[in-house]
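See the structures that follow.
One chain, chain A, appears in both complexes that follow, with chain B as partner in the first and chain C in the second.
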Partner chain A sequence: MNPVAAALGAAFALAGSGAIAALPAPARWGPAVVGAATAGVGIAGAAAGGAAVSGTVWQAYLPDLLPLAGVRLAVDPLAGWFLLLVGGVAAVVGVYTIGYLGRDGHGPAARGALAVLPVFVAAMLLVPAAGSVSTFLLAWELMAVTSLLLVLGEHRHSPAVRTAGLWYAAMTQAGFVTVLLGLTRLAAAAGGESFAAIRAAGAGLSPVTAGGVFLLCLAGFASKAGAVPLHPWLPRAHAEAPSHVSALMSAAMVKLGVYGIVRVGFDLLGGGARWWWLLLGALGAVSALYGILQAAVATDLKRLLAFSTSENVGLILLGLAAAGVWAGAGQDGVAGVALAAALLHAANHAGFKTLLFCGAGSVLRSTGTRDLDALGGLSRRMPATTALFTVGALCAAALPPGNGFVSEWLLLQALLHQAPQAGTVLTVAAPVAVAVVALTAGVGVATYVKVLGTGFLARPRGDGAATAVESPRSMLVAMGLAAAACAGLAIVPVVAAPALERIAGELRAGPELFAGGGVDLRLAGIGSIVSPLWVAVGVIGLAVGFAAAGRALGRARRRAPAWDCGDGPLTARMEYTATSFAEPLQRVFDDVLAPEQDVDVTPAAESAYIVRAVAYRRRLPDRIEAHLYGPVIAAADAVGRAGRRLANGSVHRYLAYMLAALVAVLVAGVIR
Partner chain B sequence: MDGGLSGQDPACGAGGRAGSRAAAAAALGAGLGGSVQVRHVDAGSCNGCEIEIGQAFGPVYDAERHGVRLVASPRHADVLTVTGPVTVNMAQPLRATYEAMPRPRLVVAVGDCARDCGVFAGGHGVLGPVGDVVPVDVRVPGCPPEPAAIVAALRGVSGR
Partner chain C sequence: MSAWVTAAVQAVLVAAVAPLVIGLMRAVRARLEGRAGGRLAQPWRDLRKQLRKEPVIPADAGMFFTAAPVVLMATSVLVAGAAPYLSTAGPLPGVADLVVVVGLLLLGTVALALAGLDTGTAFGGMGASREMTIAALVEPTLLLAVFALSTRVGATDLGAIVAAGATDPARVFTPAGALAAAALAIATLAEAGRLPVDNPATHLELTMVHEAMVLEYAGRDLALVEWAASMRLTILLGLLANLFIPWGVASGAQPAALVLAAGVFVVKLAALGGLVAAGEVFVAKLRLFRVPELLAGSFVLGLLAVIASSVLA
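And now, the complex of A and B:
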């Protein structure tokens, strides 16, 4: 039996039995059952992905499973890459869930919401495994609905959860509609709905049809991926969902939007015009910049991580855009590097964002707050969580020796490589893209310094942080697994090279991306080389060496209290907060972020010169959301209100409507 | 180095030790290599001494010619100048400032109040002279001392 088929079969069987077993299980065991099932589904999915990326392809047609179209599955290396990614994330999150929802757990572990978790993971595995339009759409919708149920898990506890659920439901369904329109149009034009048939006919489509299909699919996939300006659901849903769900959504589900763009753009439509990819690149650049700027000024830990997801998706989209542009220009080798950079960054982001969201969940579970301005001092009370979160932050900041560094280096290589005959547009666009990546990386470092410095170091600023306790072992083990995966990807990314080469070859990009064995990443076409292992050894060795030398050679040390201007002990109120740390950045990017500030001075009754109280309020609304979605929502609201007048509850009026409708139909029939 | 050092002043409370301290200060001044960073603390002064210290660093006397600089934190300072009798409220900040200084460190008490509480001796809220709170190395007499005397005392420390 094909190993992919066996592993996928096991995953779906486990998901079903896990969901069914979770319903009658006693409340005490529910989280353990669901967590184990989810982890099992993840491991099986990762096994299927691992087999697929090492060259085992699998196709199946199950005509009796669903009426009309049947179910068609097809796993190739590209699908395998995303199966591996989703499976890996789910395996970690499954283990994490056991502790997170377990005894003294955080939030309500409602049975229904629990049972949905393995089904959600199975749906995410089904998306890349789908081999036809109908199966893909079915899996996509299943994924959207199950994730919506999971987002709403704590709806009884906070009205914000309900708002987030509404936004997510509206945007995910709108995205589904555009994908549905795009793919059905594509299937109709190609004369067949299996991906193989579309692939065969894809190159012969008229440019208008292909462009329309690409635009429709891009709208849906980019909104699922959280690309600006289709992002407003993301900071809400990721912040308000239970943290294990946030981790799954941000690390795995968002990547399936990327998968959709790769599958439709590169595979089914076979490349396409240059403007597609320039548009995608613009989308990516805007996402990267806007995402990281909002993350830099966010004070809600999970909202910050959500905006950082938008940023990383932006970088991935930039990589895909570069791949599309270079492939169209006949530069297959560079296109392959860009594609590899995008896919590797997707995997890297999955690794560190799982770790970071799990870390945020541990903090939330232990302190009861996500507000960075009320946290602090966790390094003493939650040392293991802090250490693991630090690993994730280092990776997310794209500094060596983190894994984000490797994929961003690859991305920069692909963007910097400028063919002599590139033309004016590209000679302008590529350097701009490089600048965007550089600025994003810089602000990213500031963002994660802020998170770590104000959230975990210093002194506790609130009661929740002051009484925090370390998380249960299963959560720490899960975060340790994610950290180990990040470290592996950071130090020996060369293990992913054969898989990336296979995918690039399959998508008609450069077949030979990486040259030679060993631990270095050698780019064959560009002639560039990086050695993450030696970079890591060098950085860590230098840091340890300097510390040891300082200790050995330094003068006698004197321990002295922190200088407090002689005015008594320092209090937590005097510390830098997340808000104050980000204030200079907010000032620099004032025109982009447009913060709303309000200072209210209340003078004393005796004299206007004596101040009794000063109130300071600052809000950082999402500007794109307010300007782009505000009018749409207001218009929909107005139409709804106007429509209400049609149905005022009078039976006579409804009978009149019926009569009018009947007459209209009859008249129409007679006229024809 | 002429009469500005209170080591030669018979009115000084801890006169016996002060002579050797002055010598130590002079020796240390050589060790400081002609560069002295000064942190100033007003421990309860009437601000007369502050005006004179300001003059000492002004364009007329310009103590910076002699390698003496005022700094904004005791962490950066070799020398602490203190004025005024030490009030009850300023005793602890003065001690904390002294503790925050890196070693070696010297204390210069500027003005009569810093030496022996001057006209404020026995006053409400007055704890005592500077020497009661932190060890004093150099004393500058006067109410207030002239800028030239302050500069001379600081030159004794800087050695140039």
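And now, the complex of A and C:
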């Protein structure tokens, strides 16, 4: 039996039995049952993905499973890569869920909300495994609905959850409609709905049809991926969902939007015009910059991580755009590097974002707050969580020797390439893209220094942080697994090289991207080398050596009060908070962020020059959301109110409507 | 094997020369301002004194505070060993990559910023916040200059870039090269915390950036931080020198060539350091919120350099 088929079958069977077992399970065991089932589904999915990226392909047609179209499954290396990614994330999150929702747990313990979790993971596995338009759309919608149920898990606790659910439901359904329109149009034009049939006919489509299909699919997939300006659901849903769900959505589900773009753009439509990819690049650049700027000034830990997801998706889209442009320009080798950078960054982001959202969940669970301004001092009370979060932050900040650095290095290599006779557009676009990646990386570093420094170091600034306790072991084990995956991807990314080459070859990009064996990442066509292993060994080895030498040769350290300017003991209120840390950046990017500041000075009764109280308020609204979505929502609201006037309860009026409708139909029939 | 010896020699040379570069810059500045100034080796004496003293750390500081000096030192030593200062044939081509070097230097900055926040004092936070703001804005300039330079060889490998420049001078003295040099020079001043971005001689809370972060360090921790900071300046000046004056760098590991290369390297460093010090006499520190304008200017220079490198190639 095909290993992919066996593993996928096991995954779906486990998901079903896990969901069914969770419903009658006693409340104490529910989280353990669901967590174990989810982890099992994840492991099975990852096994299927692992087999597929090593070259085992599998196709199946199950005509009796669904009426009309049946179910068609097809797993190739590209699908395998995303199966591996989703499965890996789900395996970690499953283990995490056991402790997060378990005894004295946090978050929803309702049985329904628990039972949905393995089904959601199975739906995410079904999306890349789908081999036809109808199966894909079915899996996509199943994923959207189950994730919506999970986002709404804590709807009884806060109205913000309900708002987030509404935004997510509206945007994900709108995105589904555009994908539906795009893919059905594509299937109609290609004369068949299986991906194989579309692929065969894809190159012969007229440019207008292909461009229209690409735009429609891009709108839906980019909104699922959280690309700006289709992002407003993401910071809300990721922030308000229970943390294990945030981790699954941010690390895995968002990547399936990326998968959709690769599948439709590169595979089904087979490349396409340059403007497609320049548009995608612009989308990626805006997402990366806007996402990281919003993250830099955010003070809600999970909202910050959500905006950072938008940023990373932006970088992935930039990589895809570069791949499309270079492939169109005949530079297959560089196109392959760009594609590999995008796919590797997707995997790296899945690794560190799982770790970071799980860490945020641990913080939320033991302090009860997500507000960075009220945190601090966790490094002493939660040392293991702090250490693991530090690994995640290092990777997310794209600093060597983290895994984010490797994929950003690859992305830069693809963008730094200059082709002769590339044309004016590319001559300007490539350096601008490099500058965007660099500015994003720079602000990203500042952002993660802020998270780590103000959230975990120094002294606690709130009661929750002052009484925090370390998380249960299952949560730490899960985060440890995610950290180990990040470290593996960071130090020996060459293990992913054969899979990336296979995928690139399948998508008609460069045949051979990486040269030679060994631990270094050598690019075949470009001649740049990076050796993450030596960077890691060098930094860690030298640092440990210096520390040991200092301890052996120098005098012992002594603790003393910090310098307080002779003004009595320092209090935690004097520390720099997340808001104050980001203030210079906020000022530099004032024109983009447009903060709303409000200072009220109340003078004393005796004199206007004696100040009694100063109130300072600052809000950083999402400008794109306010300016782009505000008018649309207001217009929809107005139309709805106007529509209500049509139905005033009078039976006569309704009879008149029916008569008018009948006449209209008859007239239309006669005219035809 | 000989490549590893070269790397060790480079690291030791940079570590040994770095405090002297600071001493030279202070001496030049003092002379131009009409002061007597300290001796050339004064920074070395300061280091020796601090290394012997007892390290005192703040009561609330944690692991990050004590780990930062060694991480900073480790990144500096790694870059000093791997980058092509004496020889273009280093032992670790995968570390001597411009993007990796930029990343490693940034890692050192981050370690120090986290240490500043870990002290729990307002000074530490202030310094960290300012330093990270500047670092975030320097990054694009650095990478754009990297882009302009990498077009010489089509790769970001530092050894290859320097070697290509040494064999073909026409590739160095181009409009793109000049623009990239200007952009990289401004980025170097910002990254190393020199005037007009940061004043290394100030302890005034309104203006200090680097000094605010390291205010709580004492003893050997302070010595390591100061030493590593001077090494970073030397590393950046050395890169600037070898990228734009790529002659005198050995292409192998023959002892005679290395000795010659070391001599040329020290002369280049002294010239550049003296130039920077002389320039510092005439400029004042910029307000923190004017610094982005300066960096935006250098960013535009970098962008022009890239476009010039592909249009005028």
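Brief remarks on what is shown
Just so it is clear, the second predicted complex is superposed on the first by the 652 of 672 C-alpha atoms of A that agree within 3 Å, B and C clash if a C-alpha of one lies under 4 Å from a C-alpha of the other, contacts with A are read in each partner's own complex, and residues count from 1 in each chain.
Going forward, a contact is a pair of C-beta atoms (placed from the backbone, for glycine too) under 8 Å apart; a residue touches a chain by one contact, two chains touch by 3 or more.
These numbers come from a predicted model, not from an experiment.
Once the two complexes are overlaid on the shared chain, A:Tyr654 sits clear of chain B and of chain C alike. Of the two partner chains placed around the shared chain by superposition, neither chain B nor chain C is touched by A:Trp275.
By the touch criterion defined above, A:Trp29 lies against neither chain B nor chain C after alignment on the C-alpha atoms of chain A. Which of chain B and chain C touches more residues of chain A is settled by the count: it is C. In the superposition on chain A, A:Ala560 makes contact with both chain B and chain C. The intersection of chain A residues touching chain B with those touching chain C, taken from the two complexes, comprises 558, 560-561, 563-564. Residues 73-75, 92-94, 96-97, 99-100, 102-103 of chain B touch chain A in their complex.
Those residues of chain A whose C-beta lies close enough to touch chain C in the complex are 379-380, 397-400, 405, 409, 412-413, 416-418, 422, 427-428, 430-432, 434-435, 437-439, 441-443, 445-446, 449-450, 452-454, 457-459, 520-521, 526-532, 534-535, 538-547, 550, 554-564, 570, 572, 574-576, 580-585, 587-588.
Considering their complex, residues 558, 560-561, 563-568 of chain A touch chain B. Within the complex formed with chain A, the chain C residues making contact are 51, 53-64, 66-67, 69-71, 73-75, 77-78, 81-82, 92-95, 97, 99-100, 103-104, 106-107, 110, 113-114, 116-126, 128-130, 132-133, 135-140, 142-144, 146-147, 150-151, 153-157, 160, 215-216, 219-221, 224, 288-289, 292, 299, 302-303, 306-307, 309-311.
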